[in-house]
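The following block contains the structure, expressed as structure tokens.
Labels run A, B, C, D and E following the written order; every chain starts at residue 1.
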Amino acid sequence: MQIDNYLIRQTSLEKLFNNLIGNGKTVFAPQASEKRILFEKVKAFSEITDNYLVTTNAAKSVVFPRTEKLFSYKKTKETTEITDASTEAVPEVVLWGTRPCDAAAFIPLTDTFNGDYPDILYNNRRGKVYLLSFSCATCDEYCFCTSVNGSPGNTAGSDILFTKLSTGDYLAEVITEKGKKLVAENQTLFEAAPEEEKEPNLAKVKTYFNQDEIQAKLQNLFENPVWDEKSRACLGCGSCAFVCPVCSCFDIQDEKHGSKGTRLRCWDSCGFSLFTLHTSGHNPRETQGARWRQRILHKFLYMPDKSKVAGCVGCGRCSRVCPADINILETVTSI
Amino acid sequence: MNNPNIYIPYLMRIEKITQEAPGVKTFRLKFENKQEAEEFEFKAGQFGEYSIVGVGESTFCIASSPTRKGYIECTFRQVGRVTSALASAEEGDVIGFRGPYGNTFPIDEWKGKNLVFIAGGIALPPMRCVIWNALDLRENFEDITIVYGARTVADLVYKHELEEWGNRPDIKLVTTVDPGGETPDWKGEIGFVPSVLEKVAPSAENTIAIVCGPPIMIKFTFPVLEKLGFADHNIYTTLENRMKCGFGKCGRCNVGEKYVCIDGPVFSGEELKLLPAEY
Amino acid sequence: MTEFEPKIVAFVCNWCTYAGADLTGTSRIKYAQNVKIIRFPCTGRIDFMLLLKAFGEGADGIIVSGCHPNDCHYTSGNFHARRRWIMFRGLLDLLGIDVRRIQYSWVSAAEGAKWADVVNTTVTAIRELGPYTDYAKVANYLEKEANV
Amino acid sequence: MNELIQKAKSLLESDTVQVVIGYGKGSADKTRAIFLTKPEDCDQLLFDSRCVQNLAVYLTKHEIKHLGKPAIVAPIPVLRSILQLAVENQLKESDLVILGVSPESKLIEFDSFGAIELFLNAYKIQIDEKYKATIDKIKAMPVSERFAFWIKELEPCFKCYACRAACPLCYCPKCTVENNQPQWIPAASHLLGNLEWHVMRAMHLAGRCTDCEACYNACPMGIPIHLLTKSMLQDVEEHFGPYGPSVGKRNTLSSFNPDDKESFIR
Amino acid sequence: MSKIGVFICHCGENISATVNCGKVAEVAGKLEGVAYSTDYKYMCSDPGQTIIKQMIKEKGLDGVVVAACSPRMHEPTFRKACSEAGLNPYLCEMANLREHCSWVHDKSDATTQKAIDIVRTLVEKVKHNKPLSTIKVPVTKKALVIGGGIAGIQASLDIANAGHQVVLVEKEPSIGGHMSQLSETFPTLDCSQCILTPRMVEVAQHPNITLMTYAELEKLDGFIGNFKATIRKKAKSIDEKLCTGCGLCTTKCPTKKIPSEFNEGLGFRTAIYVPFPQAVPNKPVIDKLNCQYYLKGKCKVCEKVCPTGAIRFDQEDELVELEVGAVVVATGFNIMTTSEFPEYGYGKYPDVITGLQFERLASASGPTLGEIRRPSDGKIPEKIVFIACAGSRDPAKGKPYCSKICCMYTAKHAMLYQHKVHHGESYVFYMDIRAAGKNYDEFTRRAIVEDKVNYLRGRVSKVYEENGKLIVKGVDTLLNAKPVEIEVDMVVLASAGVANPGSEELAQKMHISYDAYNFFSEAHPKLKPVETNTAGIYLAGACQAPKDIPETVAAASGAAAKVAILFSQNELSREPVVAVVNRSAPPLYSTCVGCFMCATACPYSAIGEEEIKDRKGNVIKKVAKVNPGLCQGCGTCVAFCRSKSIDLDGYTNEQMYSEVMALLNE
């Protein structure tokens, strides 16, 4: 689809925000607190921070909540009544302030939740999300989007991508139908495209490797000491998976209160030792090394093999939060 | 019901409960909803998610044959929370079922061939489905041999059916128990499945071998089959990794690139050799 | 509007308070219906998680009661329990879980009247505090929020 | 520092230990746990104020045990954890070599747990005044407000269990949260599940926690869960006297004093 | 799920007067898992029980809830009924609708609702009940008695006379204990040795009693009915089989100036010695710490003179393992060394002595042959002061408790003194006279009235020497706290009774508890005075607290009766409410991680270690293991276990959790 370019004034951003709220949309945007920056529901433009590299958490919870009701039930001695936990009625959500890597992550995520078994709970939510991303002007040593076919100004996944220009105003690239709809609803705020080039305003993210090459190399790397070596310090927590914008492993859990209850889907992580444990006591992935291998291979080999899209967008969140400082980039580049 | 929400189970009423062995039960399940019953189809080798609402779901294969319409059966051992809750269910209770999931045994391709079924312990159920399927289409196949072993005589499941198969002239049934697991009046073999198989030595000529059992049994059975001249592509088995969703999303049943729930659970020997040892 | 009837769970030991509550019955001393008893062998057996679970399932108040110090049928179960409650209470208080809603008491097998008094004063106190809506909001969060 | 490197080298050279667990350079300006199995790698060892991860957590991990007998670089928080692990029968003196590091970055060798205890007598666990003030501030809030404060703090918790994984004293192979018969703590991460998990975690550390702050450092969401354990440490001191791990002594909650005082039991 | 039967009892009108029983039965019938529900006028009556039994059979019930009175009343009744109908009795629970509901509430819907809630809760519990069977423990019918004083002697004789084997272990070379040291006994003034010696001989000759003197408990493992005791028999350096007890060696031994323990240091003994003439066994031992041969390698005089060649210098300590079913602890007490009270001058002035020393002075077999002569110069004291409560009832410097026997023996001492030194003057400083006991008060009265002993109510602040006399400074509180000063020849301190040194260690060896003063603790201060909290271990006498002789003998007989009761059964049946450590599939084997904090919390030391081995026999890990013989089922360990690896049968985590859930949710 043709990308339409516009200029949006710095001062118009707030108006755009207010219009979105005014139209009954729920807006999630980065909010800063002492030790973290999170995508949170915001009511006023002033609550939003623009001083962030990436948020601590990923935006995925908007479409894949960390705990989601699948259905509820009521049981009597004779009958079982199941009530679908439909997501049809979820409100429209604007994700404001996603980075290009965040937006790109929605592509593999949507892949996972479709295929032969489309997940309507996910799809309903995804259908109501508008992704208003902001290009990256800065990066750090954990960023490697350019190594996984992304870039600090990548438009893939976003509905509109804003890039701050030297004037303080923004280039708005309108990528999708949804984006165009938003522009149409706020026509007065979008002006003719600026002259200024986008590229100089983007961060320079070093390219460490090439996704396709890595994919090829990983084909024959199942048995390799690198997995144990690089995961030795791994504590077996799930922080990497939970902050990852692509990771979507989940568990299904029931909660019961007397004769009523719910079945829930909740986040899970391949890093947990119990993830694959059989009731018999057998565990196909016995060590943290095997689990780390699964994480890497899943993202850089299995997913691209299956659906042509890598399972990593190079945001670097997992490495930033890892309590044992295990660095995904380090593992991948050491291969 | 055909609910677009893929997580919503069918409601099925337990029609009959059979105690197969200590801690092992078979449920015969019937759809609560007539329309669902009519629309439901599955093939040999497929599995489902059985659940008690409020407790959770558990994965087992469908143990009845697709040729027997109107109901499905499952056989399970009581080990964890869900299987314990299932085990305490009574006839007439309603449980949940999602499925069928996974691939199937290519039974149509086996027309005109000999079949050897090799199973150990609680792994007979996935086999039972395909055995009955083959028996119900008996004329499609040549010789049928079943080698089945368990730890003890008490642990053999489907005892009544074993008796029935044993009495049929068109099946060769060999049952065995581990040394020490026999009773005084045990008439079958004594020994582990792989060695009994070696003794029975079915011809590999025009024969398909279907193997189901605990990892240790599989590990020792494959070399025997190889020795007997079975080509990898004529051997089939099923894998039982831990699963939650059953349709390739929850992420825990990967064996390498394959999802056991959608790419399996049925794998040929040929495919299995390409998989990393992650099962 | 009908008066608020608090739901109160009593966790009691078999040898002292349960027997004491039996004596309350035998003595036909009346008390409020709001309190229902769960019998444990000893206060030492009472898992702190069960108290939390009770709040999670909608209890407005809790009574924990066992043998007086030195009277434990098992000699020291109540001493262990006391330490546990000292620590637990401190933690709950820090977290803002209303410790006024948990009444601890020692009621012996001979203190039928005391049991009635413990129940009645607790019911009155919880009635004054009102339903534990703060906690209920947290407990029912999923019911309301999850799929919206 | 050199002292430490030389010692580590000689331990590996003489095959006294098969692995040295220490701190090395990490990504960005972080340090990280490193596991050295070759003497020539020992030059990677470093120690400075950034080395806050509690390495004692690795002593009970089966992947690390697999490497053989370890020597461990042990600043004071690690020493405390080692001692507590010893109290809880998780470590024997012969299981490891301890390369103690004093607050002056001096290498101190310990030949017994008793020696560690003696050394630690000079470094009693003390709650920082700043934390005391924070705890006091929280305690001063009205109960409803306090509850709201914590619910808000705990809300971002997505139960990655990094707090558990980083804690040297959370070494159970199957944690209560993984116990589903009954399901004590909801597996799901929601307000109630998060609250119950953190109450339980804190209670399980009551009288055991050695105040290393590993849980807080590990939390990707920066939730101040260490305030819970710190406050409980204060409670232990207030009610049961000064606390510090001591081999042969019982833990606070597995012991009692008939004269324990409380004010709330009628 | 499940097939539970619910049986609602009206209890005549006791329940139905305020609870709508029909409604409760109706609602219960609709609960999931309930296969049958009914109400009946008297569930506990024969017809009532018949309904339950019938329904168990007819409906194939796998659980029963009887909603009636308190389980403390009729649980055994209904469990028995279930058992008779073929249902495991532990699948039956009672819902307490009478004591906890109908009797304490007025008739109302709320009362009926509460009854429904209670029933629902118990139904949920029963869903998680498991069939349990009573625990059978075999009983080894042999008792170990530790301590050969009057308590141990009495207990041994009683048990032996009941027809059971007894091993009596005494750490000294002879049995007899403190009682053998006494001169006369209160309140009858009969000669202590005269009444004791026959008992000692009886012990030695009893066919059911094996006597081990000069021996101590080394180790005690096991549990009720099945203890394994290791006894250290200290080397006596003589061959007891050869020794005839002729006594030649003791007369010839060159080391003669060793203070005699028996005489409380007021006399001497040799290095090879028999502690006192009536000792049982009457055979000498060599005191290795004082024997010239052991000290310097030379002497062997005893060996030379022994006519039977019974001396064995190379003898070593021997460890004997015994299997016993019960243990009676009768290790007695000691008296406080009053050197802790410098103001009384004990140890500084030879004529300030303890009560026990006075006993030796007054004893006909003592160093002065029964004459009261003071230790310093052997003169008969003309004036004597007895100080009661020397160390007792003194929280500041001594023991806060009353030593109980001092008032009586002080009166006895004063009386004996007056009887032996007719012109002498005696004074007793006391706080209160505690003479509760049969003929006790009469006895103290007699001392005051007939024997003219001067009782002064007040404490002594100081004893010091001046001009060869002891000056006792005190206060007479009955004379307006007037200071008193008495010049005397001798001072006797009624020093406090204290626990034996080493009793803490002994208690730990046996896993029994002890109080702050190291006296052993009884299982219940009122109802289980001779039991300890470890089943199968009993207490006799003053090892528990200071006791006089009749009390000691009574306790010993009580302990012996408990042993005999235990031994009257071939095996013990125990309620199966015991804790269990879980087992799971390998490689975990158990979720227990072996921190053993449960073991430190267990009041019964019922938790030990178990090594888990793989198929090759390698130890993979150590986990806790509950000894069902020792576990009493309090469940403290269960609430304590972080990984939920221990559970308590009958009150499992699943059961208690389900109860909470069900109570609050419909």
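The rule is short, and it goes like this: a residue touches a chain if its C-beta (ideal position, glycine included) is under 8 Å from a C-beta of that chain, and two chains touch if they have at least 3 such contacts.
Note that this is a predicted model, so its numbers are computed, not measured.
A.B. asks: If we look at chain D and chain E, which chains touch each of them?
C.D. replies: A, B, C
A.B. asks: Moving only from a chain to one it touches, give the least number of moves from chain A to chain C.
C.D. replies: The least step count works out to 1.
A.B. asks: Average the CA atoms of each chain to get its centre, and name the chain whose centre is farthest from that of chain D.
C.D. replies: B
A.B. asks: State which chain is most central when centres are taken as means of Cα atoms.
C.D. replies: D
A.B. asks: Please identify which chain has its centre, taken as the mean of its CA atoms, farthest from the centre of chain A.
C.D. replies: If we average the C-alpha coordinates per chain, E ends up farthest from chain A.
A.B. asks: Hey, which pair has more contacts between C-betas, B-E or A-E?
C.D. replies: Most C-beta pairs in contact, of the two: A-E.
A.B. asks: Which whole number of Å gives the spacing of the CA centres of chain C and chain D?
C.D. replies: 33
A.B. asks: Roughly how many whole angstrom separate the Cα centroids of chain C and chain E?
C.D. replies: From the centre of chain C to the centre of chain E is 35 Å.
A.B. asks: Suppose each chain is reduced to the average of its Cα coordinates; what separation in Å results between chain A and chain B?
C.D. replies: Result: the chain centres lie 39 Å from each other.
A.B. asks: What are the residue numbers in chain D that touch two or more other chains?
C.D. replies: In chain D, the residues touching two or more other chains are 174, 176, 181, 184, 188, 190, 253-255.
A.B. asks: Mind pulling the chain C residues that touch 2 or more other chains?
C.D. replies: If we look for residues of chain C contacting two or more partner chains, we find 48, 53, 57, 70, 76, 80, 84, 142, 146.
A.B. asks: Quick one: which residues in chain A touch 2 or more of the other chains?
C.D. replies: Within chain A, the residues that touch at least two other chains are 67, 75, 85-86, 251, 253, 255-257, 264, 279-280, 282.
A.B. asks: Identify every two-chain combination in which the chains touch.
C.D. replies: Pairwise, the chains that meet the contact rule are A-B, A-C, A-D, A-E, B-D, B-E, C-D, C-E, D-E.
A.B. asks: Where on chain D is chain B touching in the complex?
C.D. replies: 180-181, 183
A.B. asks: Going by the contact rule at the top, pick out the chain B residues touching chain D in the complex.
C.D. replies: 56, 80-81, 84
A.B. asks: Going by the contact rule at the top, pick out the chain D residues touching chain E in the complex.
C.D. replies: 88-90, 171-176, 179, 181-182, 184, 204, 250-251, 253-255
A.B. asks: Which chain A residues qualify as touching chain B in the complex?
C.D. replies: Chain A residues touching chain B: 70-71, 73, 75, 79-80, 82, 84-86, 112-113, 115-121, 222-223, 248-256, 261, 263, 265, 268, 270, 275-280, 282, 284-285, 290, 294, 297-298, 301-302, 305-306.
A.B. asks: Can you list the residues on chain B that touch chain E in the complex?
C.D. replies: 85, 88-90, 93
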